[in-house]
Amino acid sequence: MSKQSNRNSDFIKKVINYQSVLLLVLVGLIVFFGIMNTVFLKPKVIFNVIEIIGETLIMALPMTFIITTGGIDLSVGYILTLSAIVFGATLTSTGNLALAIAACILTGTAAGAFNGLIISRTRIPPLVCTLATMSLYRGIALIIAGDKTYTGFPDAFKLISTYRIGKIVPIQITYLAVFFIVFFILYNRSSLGRNLKAIGFNENAVIYAGVDTKKIKFWIYTACGTMCAMASLVYLGRLSAAKPSMGTDLNLEVITAVVLGGTSTMGGVGSMTGTLIGVLIIGVLRKGFTIMNLSGNIYNFVLGAILIVGLIAFALIEERKKTAKKGQK
Amino acid sequence: MEETNCVLDIQNITKRFPGVLALNNMCVSLHEGEVHAICGENGAGKSTLMKIITGVYMQDEGEIYLRGNLLKVKKPSDAYDQGIAIIFQETSLFPELTVLENLFMGHELKKKIAGIGILDYPAMRKKAYSIFDRLGMKVDLDKTVNSLGVATKQMVEIAKALTFDSSILILDEPTAALTSREVTTLFDTIKKLKSQGVSMLYISHRLEEIFTIADRVSVIRDGEYVNTSIVADVTKEKLVEWMVGRALGNLYPKENITLGGVVFEGKGIEQDGVLHGIDISLRKGEILGVAGLAGAGRTELALTLCGLAKPDGGQLFLEGKEIKLENYRDALELGIVYISEDRQKFGLVIDMTLKENITLPLLYRISGAFGIIDRRQENAITKQYMKSLSIKAPDGDFRTDNLSGGNQQKVSVAKALAAKPKILILDEPTRGVDVGAKAEIHHIIGNLAKEGLSIIMISSDLPEVLGMSDRVLVMKFGEKKGELMRDELSQEKILLMAL
Amino acid sequence: MKKFLSLILAMAMVTSLAACSSTPTVTTTKATAAGEATTAATTAGKTGSGTGTEYGPKDAKYKVGVVPKFVAEDYFIAAERGFAKAADELGIRVTWVGDTMAQCSAQNQKNYIQSFIDQGYDAILVSALDPSSYADTLKEARDAGIKVITWDADVETDARDFFVNQAEGDMIAIKLLQGLAGDLSSYTKDKQATVALVSTTTDSPNQNAWLAAIQKEYDSKKDTDYAHIKLLTDVTYAGNDQGQADTAIKALLSKDKEIVGIIALSSNTVPAVASSREQLNLGEIKIVGVSVPESSRKDLEAGKMSAVVLWQPFDLGYLTLYVTSAVLNGKAPSGTAFVSPLSGTNMTTSFMDGTTPVLYPAEGHKIMENNVVILGEPIVWNLKNIDRFRGYPNADSGMSEFLK
Amino acid sequence: MENKKKFEVAKLATREVVLAIIVIIFIIFLSIFTNFNTSSGLFSFMLDVAPMIVGAIAMSLVILTGNIDISAGTIIGFVGYTAGSLAEMGYSIIVFAPAAILVGTLLAGLNGIISVKFKVPSIVVTLAMAKVHLGFYATFLPNAGWVENLTDNFTWFGFARIFNIIPYNFVVAVVVSIFFVLFMKYTKFSKKIYAVGGKRQAAIYAGINPDMTVIKTYFLEGFLLGIAGILLFTKSNEIMPSASYGREMVFITAAVVGGISIIGGRGKIIGAVIGTVLVYLMQVAMIYLGYQDYYQYALQGIIILIAVYITVTKFNKFKKKPAKFLKGGQTT
């Protein structure tokens, strides 16, 4: 009986509380900005949020995988930069779009695989490894691009992020939805997702269950690289200039979104939906403040504050959960 | 003789853990300058008692008196300050720090220079050297601990305890990790200390040791105090009787069944410094008990048999064919399944639900395209085993860390069975499990064997070994000491082999 | 409970910090307000705070959004004041929004532009961080009938209606080289003076344009006017971060002992060059640069620099809004010149003698092909005319004889 | 077995020495092939490396406790702003330095408190804090905290030099380094830092309070960041707080290269100092050898990987095999 109730409270605490509070925050923000400036509620404007968050979401999905295993990838931003540069360079030199895209995806994947290789095969902690590769990839991007800025991409290509269904709904929504659903299913329904969480909680136990955790780690970092490459394409569709200084601030943006979504850097606990909401909150904040003609600085301030408060709230909830459990015993 | 100056008096200590009554009004008293051995089987509550004395745990009831006045310890450092020091089983040293730093961690000696207190290394060195002299050994104080051998670590632990100038020393299974030669040095040390007036509680279930160094011995069993006696007045047999003397009765529902042929065989299994040329064979429907003391290499043997640890030599045969195990997955595929003795660390992901734990090893079997888990199948499996093993939990979505030790153990069994094993290797299946649940688990094991499953059961719980095994393999220091058939089984025989 | 306590403690700390770090601020801004009381630019009360700011009447006919490269930096503050002044005169509602230098990015600029489009502004005035990143967005704006005017830094020509350029690149180049040539007049053809070029980042369009112009100018006169100067071909990119710039320049100076003159191309690099020179006690090295005079005031006063080159960013903003209003009212600049209230007025006094006024040509601001309006000649600033610089963040200098 | 270990220990012990040798070779190399060894070269090197050294020490302390501080850079920004604006109001270094250092201390301490009290991983807290700080400058400080045209009452310290070659701030850095090398050897607190970062449970057995230790360490870090900030900004007469966002990565890199284990509990302060010098030398070398400074990023990345690989492979040895791990010491 007590366990029954315990379970319910557990259930409530875990599922209802955090993510739905987050959802409330999101709705609250939308309402708030809507009141501040009704323009914000125009479909075209609200949909523009989707456009803004495109890259972030695409990278946040695999990042949720990684953080769930207790790892982290600081290099995503620069993987994006590097793939973008490679895309630009290939396109300008060969003029072959297909080739350029292939090169871009390949680069991202390779970069991710390199992370994965180091992290799964050596004992170098993910934080340090990706810290190193971060500047490595940045360096490579700079060496390739030098003082060049690659521009003049074909309009057909730009459509991947500029086309609007019925002049209103941005095309992003289609593939973002697909990506999300795929990752959501993998995370919540597949053996992979199950193993990821288990690794996050107790890697030994997973090894003792006959699972090759190294392989899993390798693949999630690789996948992350690939997704970064895709993100870079979406990014370039939106801002048609590939230069080494682009996308540098995306690192923390992505991690922030995931953590805000309630995925614990300690590993094990996580939520894809949370990540989605987290990214949306970021997008709404950005859009909302710009619509209020306020600069990105306030956005940073508020985002940081929300994150800290959110974490503290999360921590307190966890705390109560524990005490509740003790009570039962 | 309770009147003789008693330095430490433990009265009616009771300690409960979730699902287990670890200690039930325990009473022990330690006299000035004596070595008082406390012995009992694994899980009898020895270590718990020590942790209470040194403030790692708080007792639920009862008091401890130090030289007549009530002893209050909230955290280990309090105990140290009171002159009580413990050498923990799991080493409490900092591998990355030097011996010197370790010796004085938390209570460094200081001196004032121009009013500022700074660490006084010369003084610490001096003290350290004098202590190691007392212990009659040399250790390079500037080496990092992780560069030392186990024995030396053990010595450093003791030295660390002595830096507190403690008059009471508690040694918790100090020899568990030591080779016989190292043991003798340790004993010399203990004798020295004793001659210097240090009183010691010596925890062990190695009877030989008790007879060599202890003055008095107290026996505890299942958290209950059994008896105390001057060592000279007891015999090994007597002690063993005290240790295991419990109504075996229906605790061990083992039916004699006709065994099939040999299904699983290991020849000359080697692992450097751990296992020495062990031959092991298992017949269909047989329960092979593996007895021996902690550190005898039983778990290592198990790990090598299921591909979790790499053997340095030897061959494995399953149903006559030689098999090579690269990793545990291979073993799983072949139907060799291992249940770890350490549920928390290797057995379960306790933060996850029952269902998730049970299906963890066979996800790849019950998941379809893109590894999507077939939930119906998953639930079915969970239900099936929850029922057949009668796991007491509302349903499969219940988190395992809310389960009692017994039920947790059942979950790990369920986990193993769900993998459809041919060979089942159980490591300490009933450790930390209360007597009731023990019986249940034994039932389960019995039935499994009846259904034709071949089982290797490692256990330090002698009655369990006796009760359940068709055949017992006894190990000591990584070697196979011998095999006993069910009809010739007796605790004494096993102990005499193992000790 | 303990948690909540420490939470409160945390909050207390933040506020205490806010207090202790903003006390000086308060006082300075007070001073500012006092100083500016008379001037139009007072409207720019909140100048510098990273948040957006609005100028001009609320009920204005036209709403105009301005996106600078970055905010809270002398050059753009001056420009902001110019916009403010013009906004009041023309009765145009101006919204000014951007990020600080450390966080500015094409992506953010795009967002601001997008939101102006969403809010149905009448015109968008951009100083572009790079020419092509959001060209499409601007085109989109133009398709929506919104006027797009770039100022200070241009975008792809088909993405905007007009570009208000501060000065012709080669004019800046000439001024810089002349300035330095003057300072290094002691050198001769046989005993040449080595001069190094320091720019910010590899991908900043303005600087790159000027670099090209300087090279061109130098090559054209290397045997006559600049015979006594040896211009190093490889450029040092010092970046925007003070510390980084510092290091790079110091390394450059210690690497090449020959250097006696430096041409620095941005408001961030000039002070960096000056300070590294000071750190190394290389007083004899001459510096000219494109820089806000105020940023180099101390160096000018201390005689460590003889001059910096710049136009009046205040006037640039001012003119830009006038061009905008012309465009909005269908009187888009055409022909060879565009007449604004500035035309024929005193730009400042020239630095040659500090008295002769330099006037904006009365016939108007030059109009070049591709709808480029040129503000005027760049000015060489020195102690004699530094106070004529308009729109300093913390002073009303220069405003007094504005439009005299 | 035993011998093998001894051998590794020998390597570990001389790790810092090896680094030092690399540094020296580096310097000699530069001096021969470039003008690095000229007074100005050495001077500017010392001038610029000084703040980085202090910062790296600060970061090392935090990392040793098994935590990290992503907001170190932005904290330094605050320090600079406080110092600058006070100096602008005419206060001398006696006033603005302590004030600025206090700000640094409080901010870092705040990180520590939140991360410990609410059991939030420090990397996340400080990451969020960095954003808050950035927003704070731009939103609440005039001109986004940009202070310029600072007079000699601010800059004299940065420019002052001994024997016309050694900058004051380098002297400070050296003093701080020496102090902390001694601090880590001769104080109880330093031992606690190692204990908490190394083996939390054992630390508790030894009667150490991990939470307090971590919080105190953060305050200490803040104090050092304060000093670093002063050393950094008094070099120039202009302060742009937001520009110091990102310096934390330099600190972390330097610490890690210097052999401070990111998992905590392992590494020497002297290592961090040498690491800083090495990392910084790489940057300058690129310029002296006439490369665009962007080769430096790639090189830096590779260097970190190698450095950490050497440390970590040994460090985690005893965790390697489940089998061994399972039984702790008892498998011998």
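The letters A, B, C and D name the chains in turn, as written, and every chain counts its residues from 1.
Throughout what follows, contacts are C-beta pairs under 8 Å (C-beta built on N, C-alpha and C of every residue); 3 or more make two chains touch, one makes a residue touch a chain.
Quick caveat, the model's predicted, so the values are computed rather than measured.
*Asks:* Pick the pair with more C-beta contacts: A-D or B-D?
*Replies:* Ranking A-D and B-D by C-beta contacts puts A-D first.
*Asks:* Approximately how many whole Å separate the CA-defined centres of subunit B and subunit C?
*Replies:* 74
*Asks:* For subunit A versus subunit D, what separation do you get between their C-alpha means, in angstrom?
*Replies:* Roughly 29 Å, centre to centre.
*Asks:* Could you give the separation in Å between the centres of subunit B and subunit D, each centre being the mean of its C-alpha atoms?
*Replies:* Here subunit B and subunit D have centroids separated by 44 Å.
*Asks:* Measuring centre to centre with CA averages, how many angstrom lie between subunit C and subunit D?
*Replies:* Spacing between the chain centres: roughly 36 Å.
*Asks:* Among all residues of subunit A, which ones touch two or more of the remaining chains?
*Replies:* Correct list: 146, 204, 207-208, 244, 295, 297-298, 300, 312, 315-316, 319.
*Asks:* Which parts of subunit B, given as residue numbers and ranges, touch two or more other chains?
*Replies:* 308, 340, 345-346
*Asks:* Give the residues of subunit C that touch two or more other chains, as numbers and ranges in rising order.
*Replies:* 3, 7, 50-51, 71, 99-100, 103, 202, 237
*Asks:* Draw the chains as points, connect those that touch, then say whether the picture is a line, ring, star, complete or other.
*Replies:* It is other, because the touches fit no line, ring, star or complete pattern.
*Asks:* Pairwise, which chains touch?
*Replies:* A-B, A-C, A-D, B-D, C-D
*Asks:* Going by the contact rule set out above, which residues of subunit D touch subunit C in the complex?
*Replies:* Subunit D residues touching subunit C: 34-36, 38, 40-41, 43-44, 47-48, 78, 81-82, 85-86, 88-89, 99, 102-103, 106-107, 109-110, 113-114, 117-118, 134-144, 146, 148-151, 155, 158-159, 167, 232, 235-240, 242-245, 247, 283-284, 287-288, 290, 292-293.
*Asks:* In their shared complex, at which residues does subunit A touch subunit D?
*Replies:* By the definition above, subunit A touches subunit D via 72, 118, 122-125, 127-129, 131-140, 142-143, 146, 204, 207-208, 244, 252, 255-256, 259, 264-266, 295, 297-305, 307-308, 311-312, 314-316, 318-319.
*Asks:* Contact residues on subunit C for subunit A in the complex?
*Replies:* 3, 7, 50-52, 54, 65, 71, 95, 97-100, 103, 105-108, 110-112, 114-115, 118-120, 130-136, 201-203, 208, 237
*Asks:* Help me check something: in the complex, which residues belonging to subunit D touch subunit B?
*Replies:* 1-2, 5-6, 8-9, 12, 185-188, 191-192, 194-195, 198-199, 201-208, 265-266, 315, 317-318, 321-323, 326-332
*Asks:* Name, in rising order, each residue of subunit C that touches subunit D in their complex.
*Replies:* Touch residues, subunit C against subunit D: 2-3, 6-7, 9-10, 13-14, 16-18, 20-22, 24-25, 27-29, 47-51, 71-74, 77, 99-103, 202, 234, 237, 240-243, 246-248, 250-257, 271-272, 275-276, 278-280, 282, 294-295, 297-298, 393.
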